[in-house]
């Protein structure tokens, strides 16, 4: 006990001097963030995600799979074949699948039930890797989300199934585990923080969740690929030192429901271009 | 075959502003795969932009141009409805030509 | 030996290939003429400004305030995509080149600017590390240059 | 504590209160504990082992469990004390009594974010990625702000035995000081080796380190 108190008193004085030094850190950081803002602005001038959108649009209208049908009967929640505004109301509960689904799992569902792909075929390349291993799902997602630009997010969080997933997702958000004790909240639970030079949205607040969720999927320049929200979660957990999040799993949809639901009200702005 | 380019050509005052995105790996030849094998260079070497029958920009690129290249520039004497045609050729002699109408 | 191969070899022998002759070599008539043999291999394999200038057949470039970077940040969030904008106020600008000092090969791109095209362009290049970037302009057969340092940073969770 | 951090604390408390209201606002909602248990079970079936990242990584120790439970709201003082005590008990010290290693190697460790991800080679040394969250050497512009700036750590605090020991402990197991901190337990969880921790201590405490210039 004595020892702990000593530690704490000592830690407090150390922290006070660190806070004094923080002023210098902030001054240095300002010019850096200005330049980073300039960098992001210059990137926004041309977003290669448009190349994915074009490919996805072609895929959406073309007959595919063993049944040689297009996505014209695929219901994303607004009726068969309706793409306009569809992403802004996902995830939602689909009675035909008896499940809450996000965009990516719904696309897989349509490929399997409408087009005749097996589940394995439909999910064999969910995250693309260069032109030799490109992902149809990423292209389809890029197209579908582009048709929700400017549409206010309105995930049906009051629907009981979605509500349940939302609450489970919230618990997951705070779940600390792994070798490094990380939870989503470790990096995304506070205002005005950044990792390296990347601003970290505070996802516990509506503004933070809105800003983050409405810009995914995104073209990641570090990868030269369009990445979906399923990928975003998968890669966050990799960096959290967790095992691998299964594509389309309940946990992935619960967390998506939580974050998408918190983004309600904000206009959808993806696909964005990011570092 | 390579994917189509995304070309925008817009009249701004008396100039036509061209913005183009190309779908290409732009592999440098400096990277290694998971097995430690060098991934061979594969990149666009020549780009040519035509306005009707006139060359308005000709470029030579090395592998240091970013993946899925972006290019923006302006030229004079374009009119709404005119064609802008862009061609690239890569080091595998693969080529792609796309056109856009000035809006 | 094919015509193309012969021409390539001839180009290699002359070594110091001027940009002017390149412009004419690049004067394609149809898309099918956009062949890769109008690509200045020597210039794209240089490792210093001196070497690049030699490959271009030009003398030492003169620093100039009429060559300007725009929309080009001092810090790149990712080296894989660094936006570069260059404009030349030098009359009769014929070409604009982008060079990155610390890349494995220095020359990134050369743009020929025919009359009627504004000597202003933006594109994106890769940078292996923090480096000086040169904007090299050829006008009336003379070379002018501007340079700026762009810092390349590590990002995200770093893994 | 300066005004800036006071403001942040205030904001965090308001945020925590808002979460509390949201949770209790819905009368028909299942109990919070029940949701937490179902979330934990759902995670077990939604992840797959990949290389070194096995499903055991989802199993939480008491610290992780309590910090998950109290996340987003104020940590009761008795729980905080319990966590600190439990983690203080894990503290180990270098066999030779030397806390300070090679700052140059420490800088490399502070820069590297590798290690323990399923995409990492389990045989290669892990980094600590200190720069992800802290400012250290002023030469590195790309630093995060999740943790406080550690610029001039030793110079400001004095190059004393006590500070060296504190730096070691803080890296070894920060939960012994501030319960539910965002910082990993680099020693207690065997993320870094004894020598690596010494090297990071050197980065903070060696007068020749760029951190102290």
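Per-chain residue numbering starts at 1, and chain names A, B, C and D are given in the order in which the chains are listed.
Quick note on the criterion: a residue touches a chain if its C-beta (ideal position, glycine included) is under 8 Å from a C-beta of that chain, and two chains touch if they have at least 3 such contacts.
This one's a predicted model, so the numbers in the text were calculated from it and none came from an experiment.
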item: Partner chains shared by subunit C and subunit D (touch criterion as defined above); value: A
item: Central chain (distance from its CA mean to the mean of all protein CA atoms); value: A
item: Averaged-CA centre spacing for the pair subunit D and subunit A, given as whole angstrom; value: 25
item: Inter-chain centre distance, subunit A versus subunit C - centres from mean C-alpha coordinates, in Å; value: 38
item: Length of the line joining the C-alpha centres of subunit B and subunit D, rounded to whole Å; value: 47
item: Euclidean distance of C-alpha centroids - subunit B vs subunit C, Å; value: 15
item: Residues of subunit A engaged with two or more neighbouring chains; value: 32, 45, 195-197, 221, 224, 239
item: Multi-partner residues of subunit C (at least 2 other chains); value: 75, 80-81, 122, 124, 153-155, 157-159
item: Per-residue multi-chain contacts in subunit D, two or more chains; value: 113, 117, 119, 131-132, 141-142
item: Chain pairs that touch, as defined at the top of this document; value: A-B, A-C, A-D, B-C, C-D
item: Footprint of subunit C on subunit B - complex, ascending; value: 15, 26, 28, 30, 45-46, 48, 54-67, 69-77, 85, 87-91, 93, 95, 97
item: Subunit C partner contacts - residues on subunit A that touch it in the complex; value: 32, 35-36, 38-43, 45, 195-198, 221-222, 224, 239, 275
item: Subunit D-facing residues of subunit A, complex; value: 3-4, 7-8, 10-11, 14-26, 28-29, 32, 167-169, 171-172, 174-183, 185-187, 189-197, 200, 202, 204-205, 237-239, 241-246, 249-252, 254
item: For the subunit C and subunit D complex, residues of the former touching the latter; value: 75, 151, 153-155, 157-159
item: Complex contact set, residues of subunit A against subunit B; value: 45-48, 50-51, 54-55, 130-131, 221, 224
